[in-house]
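Think of it as A, B, C, D and E in the order they're written, each chain with its own count starting at 1.
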Amino acid sequence: MLHRRLYQFFIVYGIGICSLFSIKYILNLSDYVIPSPIEVWLTAVDVFMRYSVNVLDTLSVAIIGHVLSIFMAIVVGIIARLTTGIGTLIKIAAFNIQAYPIVAVAPIIFILLGDGLASRLLIASMICYFPLLLSILGILTQPVSDIEHFFQMTGRMTWQLEVKIRIFENISKLIMVITGSATLAMVGTIVAEFIAANAGIGYTIRIALYQSDLAKILVALFIIGISTSIYLVCLEWMGHMLQKKWEG
Amino acid sequence: MLHRRLYQFFIVYGIGICSLFSIKYILNLSDYVIPSPIEVWLTAVDVFMRYSVNVLDTLSVAIIGHVLSIFMAIVVGIIARLTTGIGTLIKIAAFNIQAYPIVAVAPIIFILLGDGLASRLLIASMICYFPLLLSILGILTQPVSDIEHFFQMTGRMTWQLEVKIRIFENISKLIMVITGSATLAMVGTIVAEFIAANAGIGYTIRIALYQSDLAKILVALFIIGISTSIYLVCLEWMGHMLQKKWEG
Amino acid sequence: MSQANRRQITMLIECNDLNYRYPSSQANLFRNLSCRISIPGFHALFGPSGVGKTTLAKMIAGLVEGFSGKITVHPDTGILYTYNLERLPGWSLAKDHLADITPHDRMPDLKKLTESFGIQGCLESRFSKLSLGQQNRMNLTRYLLQDFNFLIMDESLANVDEATREVIILQIKQLFPQKAFLYISHNVMEVAKFCKIILVLRSADKSPQITEIKGQNQTDQDIPDHPALEQTMLEIVHAS
Amino acid sequence: MSQANRRQITMLIECNDLNYRYPSSQANLFRNLSCRISIPGFHALFGPSGVGKTTLAKMIAGLVEGFSGKITVHPDTGILYTYNLERLPGWSLAKDHLADITPHDRMPDLKKLTESFGIQGCLESRFSKLSLGQQNRMNLTRYLLQDFNFLIMDESLANVDEATREVIILQIKQLFPQKAFLYISHNVMEVAKFCKIILVLRSADKSPQITEIKGQNQTDQDIPDHPALEQTMLEIVHAS
Amino acid sequence: GQKNGSSSVDPINYRLKWLFNISSAGDLWADVNGHFQRQGLTVNIKPGGPERDAIRELELGRAHFGVASADQVIRAVSKGSPVVVLVQLFQINPLQWIYRPQHVTIESPEDLTSKNIGITFGGNDETIMRALLSKYQIGENEVNFFSVRYDYTPFYKGDVDLWPIYRNAQAVIIGKRLQEANDPIAFFDPHSAGIRFVANSVVTTQKMLKDHPETVKKFTQALVSAWIEAMDPTNTEKVIEAVHHFDPDTSPEIIVEQLKITRDLTIPFGDFEKGGQFFGKIDLAAWKETENMMLNQQLIHAPVNIEQYLNVWD
């Protein structure tokens, strides 16, 4: 599976970079606009190790942020099921906060949390939790009446059980969404680093952008792509195992 | 419904801004870190009309971007169902591209598309289509065998029909996801404006950031919140109508 | 037996002058429908497909609202409604689910029920891997282990073979002599043979919409009283 | 009539030495099972719940794989399998769906079927708003309007009342005298009365696992040949 | 290409470096007052931004003229981009460091030692600061660099002593805010410490210069004359109005201040009467110094001889 995903990533990346080079040669653009293959290669040799370390740094934050956001989404999803005032309020708050671009809210976050790991994690999970929340809300608000009927009838229904039933019935969808949102966790972390700027590949990209150095960005995107693929494969594998165990 | 949503937004916004002011007074922060209520009020009086026009501008682009991204997500979702090479490739490409933060890819987008509406729309829909894609993929890959069996047995199954059946069976989930992603469309457009900078509230926010003017940002967030709420209510209402009509 | 018990009989449910129309349909499904169900007893609700059995059952169980008229329940608790399309949660084996939802003191009943229902062999399976009839029986079993005064079984045995079905009905009657049941089935012979009262429901343009017929209420498979049974079956067919 | 047609009979399906075990289960469900189904004829597959009727039917329809042995089909087309839990798409009224999936030249049949099946009143409804028995009939109707040589009806009428069921079976036999059917039902009387061949399936530890019994194959409701029918019913019960 | 014809490039796209603000006062003035029209040119002025790069757009043919910083130009040249500098907008780089004299005292570059200095890593303030430190032989381990983003909170809260800022633009706004809170401000100016790092310039491509020399000439003349008018103190009122029209988020009172400082940075040749005509002068020595700084810090790998790309008008 890892093998297949990496292979697919190479194809996609290859297509992307080849079209970039074609544009370069067709339009006869200088190395400043689009770097030459050689320059990209030399840059890669030069920065690969350093960037890889940065990406690993980012990836580890992304994983924590992802776990956090899964947690947040489930909590909000569960609370939002409640029809009480607080339930609706939290649901609405979750939606409303999402309506703001992180760049606009970031100053407020920094004021509140400083610029340590906390802000970085918060920004990362804010970016990736929303798709999760949407799916989880969708799943948690849709009754599975042919299973739930018994528990309702016999007064055994608890919210935990309801959540369990609905999650179980939609487990494959959920695994897909969680896996998919992993890429967003990565994006979130990079954006957070871009804004909060002191470590990680997002910080590196920002410097490369200031220096108009597209070659460095292309190398960074390559390493990000590979490590995201690996993370996705791990998640898929874990999901698969979990599903197999749960569904027997 | 509109009334309720707006009311909820006011509560959420009110809570947010009150906690900000509390922090200000508890930590005894000066007006340049967190503006005083009076300053926020004066700023609001000053810029409200102008910002509202900007937000309307942004909202109209967001709506187009949203429609586009729904379209993109459905197309990618449908293509990704195919088990052929091209199907997998497009699916993988859709996932891989999403793995990159837009800020890193923006220079490449500008190189490829220039800075017309095209880039702005592409950035906006790239940000908001992914959650849609995830949900649509989840829905489109999960068979509804008790309905599909007949069509399969009698050789009548076409991909259009399969898509129709699966969408219909999940219509309420889908409406929820589409409505939810509307906020992301708004975010996407604002970010696009932030990057592509020539109009809209994103551009305005950027200037406010650049001037370190939190009061203006708070006003902008307020107007964005209101107009997003209105858009959400419209979508919910449309979804409701559609569902009523389709489900009879 | 039914004579000896007469003094014990209590009215459990009284429906008075029910009128109901589904919001999306034109005509009334029920028009001035009245009926009573007594406890104890294994009763039936019978009638052609589409006549409203499920709807009436759900109204009694409180799952359908918006009707006019009055449904009185004494005492006001312990009504369960079960139907043939229910599923057990997929994450555990059938036996684990059953163990979960069975009160401690009913464990012996659990064993007895699974044996006489012929589903011991299914206990190690997950629900989704059972045949339809096995699913029917598994679902009914768990309801019987609950605390109830009145259990409505809406086609709960629709996909079970006749022989097993008879065994099951007799077993239920024997194990729960103090409870009331409302068995919805399309098998005339079966309801005539085993039920105490058969409520025969017909369409709203006929009056009365519901007729009570006394069934054979047999408690044993092997003593068929042919002429009386045929008489009951005829009555049922005429009433519908 | 069955005698007059004898020369017309063709073998449609032959199952030879089937062995099958569900991947998740320990024991074999089928052990050296062999049977044949001929065209035309309204046949039944009968047996206690959980014995493997649905599995065998799906194997014949090509929906279950991974068995050993051979299933031969002549000609290799036109097998349809329908079961009682199917649903119609929710976005159109029943009549619109039916109109959609009925070939032009079968429109008169559509009218005839809905009338004799007693579902004209349901045509203006959506499927989800029908009663179970109405859903059964609606689903069966659409299959009958398709192009098939052999239709497997897996408990397709499980939630329909007996009287209506008889009408439906007779109507099918009358309208499709050249086709073959495999009717899975738990009603002994019914299969004995109306089916041509009843395949009685029993558990894998018995041999042969499947027995063919000649049914009464009645084409009319009103001429019951009591003793012969009872004889057939007895045979079926003994075989299972 | 066509040898002649101002009409052959129509309309002309002019990409700025940054959003519309005081740093494009002359460009906006030209637009408002028809300077380009009078030369027979139709010009679309487009705002820039951090993700924008005018030089890229020039090469892709999406823009014909643009504003770029000197480090962008030198980098582009080092990578073979056929870019030419037409006008140097700022004679003194507006990038300075703001600090609060109540908290820190900076009287000479040596006072930077052991201070928390905000820099944008990768930005030209980093280059300037490093050059300065090396010029005054302050080791980089003797100061603390603080990575800067657009949010000023760390400076407001005193976590950072010096914060990089555009003297003619945000500095006025931020300064006003601090002064309102009775927190006086001061600036540390690298230029006065002898660091001459060129700021924004107007650029075009060599191809444009070769194929449409007339257009380039007319454009340059229109632009320079507009800038001179815009810097003319007698036009102050109208210039403020024009800038405020494009930059409504900055109040006229602020723009007055910004304009004054911008005048000092673009025309530091004595008062306007005497020096105004020298607007846009390309400061060859400063360009060479800028190139050297970048070379020393290995931002370019070989000398580019930047003087060859400066289109010095006489």
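In this section, contacts are C-beta pairs under 8 Å (C-beta built on N, C-alpha and C of every residue); 3 or more make two chains touch, one makes a residue touch a chain.
Only a predicted model underlies this, so the values are computations on that prediction, with no experimental measurement involved.
Student: Using the contact definition stated above, find the chains touching both subunit D and subunit E.
Tutor: For subunit D paired with subunit E, the chains in contact with each are B, in label order.
Student: Which pair wins on C-beta contacts, A-E or A-C?
Tutor: Here the pair linked by more C-beta pairs in contact is A-E.
Student: Rounded to a whole Å, what is the gap between the Cα centroids of subunit B and subunit D?
Tutor: 52
Student: Once you find the CA centre of subunit B and the CA centre of subunit E, what distance in Å lies between them?
Tutor: Chain centres of subunit B and subunit E, defined by C-alpha means, are spaced 36 Å apart.
Student: Find every residue in subunit C that makes contact with two or more other chains and list them.
Tutor: Touching at least two other chains: 24, 85.
Student: Where in subunit A do residues touch at least two different other chains?
Tutor: If we look for residues of subunit A contacting two or more partner chains, we find 33, 107, 111, 206, 209, 248.
Student: Which residues does subunit E have that touch at least 2 chains other than itself?
Tutor: Those would be 51, 53, 56, 60, 151, 153.
Student: Name the touching chain pairs, please: which are they?
Tutor: The set of touching chain pairs is A-B, A-C, A-E, B-D, B-E, C-D.
Student: For the complex, which residues does subunit E have touching subunit B?
Tutor: Touch list, subunit E to subunit B: 19, 46-49, 51-53, 56-57, 60, 62, 150-153, 156-157, 170, 173-174, 177-178, 180-181, 183, 247-250.
Student: Give every residue of subunit C touching subunit A within the complex, in rising order.
Tutor: Listed in rising order, the residues are 61, 80-83, 85-91, 93, 101, 126, 139, 142-143, 146-147.
Student: Could you pull out which subunit E residues touch subunit A in their complex?
Tutor: Residues 50-51, 53, 55-56, 59-60, 72, 75-76, 79-82, 120-123, 147-149, 151, 153-154, 299 of subunit E touch subunit A in their complex.
Student: Using the touch definition from the top, list the residues of subunit A that touch subunit C in their complex.
Tutor: Residues in contact with subunit C: 146-147, 149-150, 153-154, 156, 164-165, 168-169, 246-248.
Student: Can you tell me which positions in subunit A touch subunit B when the two form their complex?
Tutor: Those in contact with subunit B are residues 5, 8-9, 11-13, 15, 20, 23, 33-34, 88-89, 92-93, 95-105, 107-108, 111-112, 130-131, 133-135, 137-139, 141-142, 172-173, 176-177, 180-181, 183-184, 186-187, 190-191, 194, 202, 205-206, 209, 214, 217, 220-221, 224-225, 228-229, 232.
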